[in-house]
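Just so it is clear, A, B, C and D label the chains in written order, and each chain counts residues from 1 on its own.
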Amino acid sequence: MKSYIAEKLETFKKNNKNRARLLINCDDQPGIVATVSQFLYDHQANILESNQYSTDPNGGGEFFIRIEFEIEDLKNQVNQLEQDFEEIKDQFQLEATFKYVDQIKKVAIFVSKEPHCLLELLWEWQSGDLMADISLVISNHDTSREFVEPLGIPYYHIPANKDIRKQVEEEQIALLKEHEIDVIVLARYMQILTPHFVETFKNKIINIHHSFLPAFIGAKPYERAYQRGVKLIGATSHYVTNDLDEGPIIEQDISRVDHRDNAEAMKKIGQSVERSVLARAVKWQLDDRIIVYGNKTIVF
Amino acid sequence: MKSYIAEKLETFKKNNKNRARLLINCDDQPGIVATVSQFLYDHQANILESNQYSTDPNGGGEFFIRIEFEIEDLKNQVNQLEQDFEEIKDQFQLEATFKYVDQIKKVAIFVSKEPHCLLELLWEWQSGDLMADISLVISNHDTSREFVEPLGIPYYHIPANKDIRKQVEEEQIALLKEHEIDVIVLARYMQILTPHFVETFKNKIINIHHSFLPAFIGAKPYERAYQRGVKLIGATSHYVTNDLDEGPIIEQDISRVDHRDNAEAMKKIGQSVERSVLARAVKWQLDDRIIVYGNKTIVF
Amino acid sequence: MKSYIAEKLETFKKNNKNRARLLINCDDQPGIVATVSQFLYDHQANILESNQYSTDPNGGGEFFIRIEFEIEDLKNQVNQLEQDFEEIKDQFQLEATFKYVDQIKKVAIFVSKEPHCLLELLWEWQSGDLMADISLVISNHDTSREFVEPLGIPYYHIPANKDIRKQVEEEQIALLKEHEIDVIVLARYMQILTPHFVETFKNKIINIHHSFLPAFIGAKPYERAYQRGVKLIGATSHYVTNDLDEGPIIEQDISRVDHRDNAEAMKKIGQSVERSVLARAVKWQLDDRIIVYGNKTIVF
Amino acid sequence: MKSYIAEKLETFKKNNKNRARLLINCDDQPGIVATVSQFLYDHQANILESNQYSTDPNGGGEFFIRIEFEIEDLKNQVNQLEQDFEEIKDQFQLEATFKYVDQIKKVAIFVSKEPHCLLELLWEWQSGDLMADISLVISNHDTSREFVEPLGIPYYHIPANKDIRKQVEEEQIALLKEHEIDVIVLARYMQILTPHFVETFKNKIINIHHSFLPAFIGAKPYERAYQRGVKLIGATSHYVTNDLDEGPIIEQDISRVDHRDNAEAMKKIGQSVERSVLARAVKWQLDDRIIVYGNKTIVF
């Protein structure tokens, strides 16, 4: 990793060494907020941000909360904190996770030929807007190597097609495990993943699809958008599941087009939307802002 | 019609008595722009706005142009102008129409129960932003009568369902012909039209669909958008053809939603998008800005 | 008031008879959220929405929270609820208000010649999107009477100019007090208000200014925007203070313009922005979503 | 210059060797469009795009037109074409320029400490969206060198402050003349330029200002935006004149902020707007789409 990026990450870790996030989901029931607030107060936590949502405001639904907080000398409090919280977890039957902000997430980027989404992520990373350890880039082409290696990131060229999918994925999974990857970003990676791969990294694979889903599922969305004569084109970032382009949507955006834009022009315009939609989704993932619930996401 | 609206229309007609639009489409071929420009120059036309588009900028495609112009004492020049233009039409094999701005278009609005799109059109009309003669409103419910009649517009309550479709449409067509209607706006009219009706008013029927087509064709788009967990909802205005929600798209727009918005909230948010998308489409139709070409529109 | 609007308001009141909002601001200090959550839990409140903000997340700033909740049989609990809360108010030195959703706010609209903002508010009101009692309209012109009276709203034509300002305002204030007005909306009212008037209705007067403030403070913003050659025009809704166009901003939005748009066209485009910006601000005011803090607003 | 970028530029030049643009402005007068259209037709030009604008559609104003066209074997026709056009120039007293698309423009980028706008331009350039020869980068700091030199662009570190302004500018002007620079982009260059410098490169210097002008002219716009409590922040790209932030505006855009965003957060959000606004302005400059007229721009 380039020294100026490593330096930014170090500063970030130091500045956030006392910062944590608590993510909870459970059956909605009275008293959760009061209990959790009291718990954090008792542990001298300073709440920086708090978001909650209930699927049914009248009760009986699912309840979600994300609290970002700071505790003095957090490193030495963590064990006690998590241990004390076990009681509340049991009492309310919570699914709950503590996340620590200085534990920088390890990211792998997959890319095929078109580099624009990869470049956007690298750009945001260089600018200090994506606080991650981009541990490796995997591509079925060799063409993006020259953007990646100068930044000190290893680039793995693993040719792929559907006949050798199994062995390709074994190689990929080995690399991902070796690097202890937390998040896989498909930055316009044009290969289908097997159910085995998807299962191995459940809710950890973020894809960008170049249409506003559910319109234009599958191949060649810009060509089909042009054929249909739409006045808006879009992009969708979603978690990968086994149903093509059907996973939980994280973020979408659109751009206006008109009759002068042919499929080629739409593709150009769309790339800019793809870039920003994917970058936002990845950022939210790094910030632990996304909770998957059924086939939807809650983005706090 | 209310007196203050009638007055606005009269002023508009007077101010635009010398203003016309020439709309052309034809095979792209050299010399058209030069010839038409020369023709208008020779007839002392002052060009106010000119837009052109060719499906293939390298030639061999279809060519479209819309020119808005003024000619002193137009009323007395019209016959000569149109007659002189016949030669050019023949020479280049043009499809061409002259439109005269002071010939206010007659509009019929169809509505079912939800009045928001109807109200938007009436509002724009009262504000002087929709220079049309809203000649009648037809509804399969009686509920919107109280918005319509105080403005001096006749309101026809014609109950409808699929069993009596033929006779209902006969009654509707009779009214539309009697009023010499130029444009039919389906402002959330929830009945299917027969091919006979559609054919009778080809490219004259503008519908608003409450999704960003081609996503969520058909019934209950907001419910389905909610089920899919989309982050954007939209609306689409299009010409009605015999394929449900498949006609040429005129305009689309979207609004952002998030996990807190259920189907009911999406519907509320969406209504605002529907209103503005439909109003824009109708305005462009009145201004002769839309050319239908295959299953697409050129909007100048 | 027209019967169908009165009916909507009645239904709304009935549906929300158990719903309340608690708005708090105070010095940021540990334990507030825990204490208030516990208080509401102890009073069997079901929390529907909760938003909080602190000017300094690291402590020592000002803290704000808005909680919307329901309590079974609220009417008979109110006294006890408010009385019990006094202790917490004292303990944390809170500024706190309970608002009850079925206490529909009384609104007065002021308008001069241009009716577009007035019409938008009346439209939203008819559509059921503005749950208010629009008690009266006051204008220095008689031109909007015909939009207002058919809806059953009294219209007061009070000619005004700077020479008779004092007596005009006395007449206005008398009317506003007689109608027990909660919110005054200046829907393009082109008269300056005196400090006395502003003081009488502090943080209750919402104005729409036709520029993105602080650009183009004062008269003729569209003309000046055109002269400057801007590519965006905007509108700003803000509370009225004694400094012209300097009050706390509630909402702003913009629309794109280009070189073809002269001042007249900008005005037309801008009116649409003014309408939606003002309508949003008024809606938030009715929903008790706005807290004024210094010269800024927190909009929850 | 990196080989893959050089290759893209070569391909672009080859693909556009027959493509030219004709830009005209003059007093509005009858017959210009007809005459110019006929001229291009007579010279076998295929018109790809044509845009026109008149400051006063009723005549008597200023007239502008930009025509993009192709002529077979353009290289060998250029002399005759320009020579033949002299007659029309004289006849209508036109100010007219032919631009040839394969004459790639030479660009110099000036930057101070914050690299985000520089990085965006380099990014667009690498992606093939900015068809320019970025000939050099000049900075009063050495910090951006590591982004620039790996791309094969010379980086000149010229420390600057107001005491040594004259000698600094002499050094800069020498470099710019040596490289025959066509466009100077101030990508967050925080030094004032002298009238001599501005005059030397009139209408060739594009700046990005980090506010929606004319709001927050001068220093620290984000801090001032935060103090004022605005709900939108923006950025403005404009030509540099001797009046600080008063030059002709090319492009503006905004992003929404709320009460949670302090000056630091606004700066972060704003940087993204600055990037895209500046990139659009530079792209239009390279495409010869901008005509300066008085203190405004026409962007075709």
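Keep this in mind: a contact is a pair of C-beta atoms (placed from the backbone, for glycine too) under 8 Å apart; a residue touches a chain by one contact, two chains touch by 3 or more.
Here's who's who by UniProt: A, B, C, D = Formyltetrahydrofolate deformylase.
Bear in mind the structure is a predicted one, so any value in this text is a computation, not a measurement.
Engineer: Given the two chain pairs B-C and C-D, which is bridged by the higher number of C-beta pairs in contact?
Structural biologist: Top pair by contacting C-beta pairs is C-D.
Engineer: Measuring between mean CA coordinates, which chain is farthest from chain A?
Structural biologist: B
Engineer: How far is the middle of chain C from the middle of chain D, if each middle is the mean of its Cα atoms, in Å?
Structural biologist: 43
Engineer: I'd like the Å distance between the centres of chain B and chain C, where a centre is the mean of that chain's Cα atoms.
Structural biologist: Between these chains, centre-to-centre, one finds 36 Å.
Engineer: Multi-chain contacts only, two chains or more: what residues does chain C have there?
Structural biologist: none
Engineer: Under the stated contact criterion, what part of chain B meets chain C in this complex?
Structural biologist: By the definition above, chain B touches chain C via 2, 4, 115-116, 119-120, 123, 126-127, 129, 146-147, 150, 268.
Engineer: Show which residues of chain A lie in contact with chain C when the two form their complex.
Structural biologist: 30-31, 33-34, 37-38, 40-41, 44, 46-50, 52, 57-59, 70
Engineer: Where on chain A is chain B touching in the complex?
Structural biologist: Within the complex, chain A touches chain B at residues 53, 212-216, 228-232, 234, 248-254, 258-260, 295-299.
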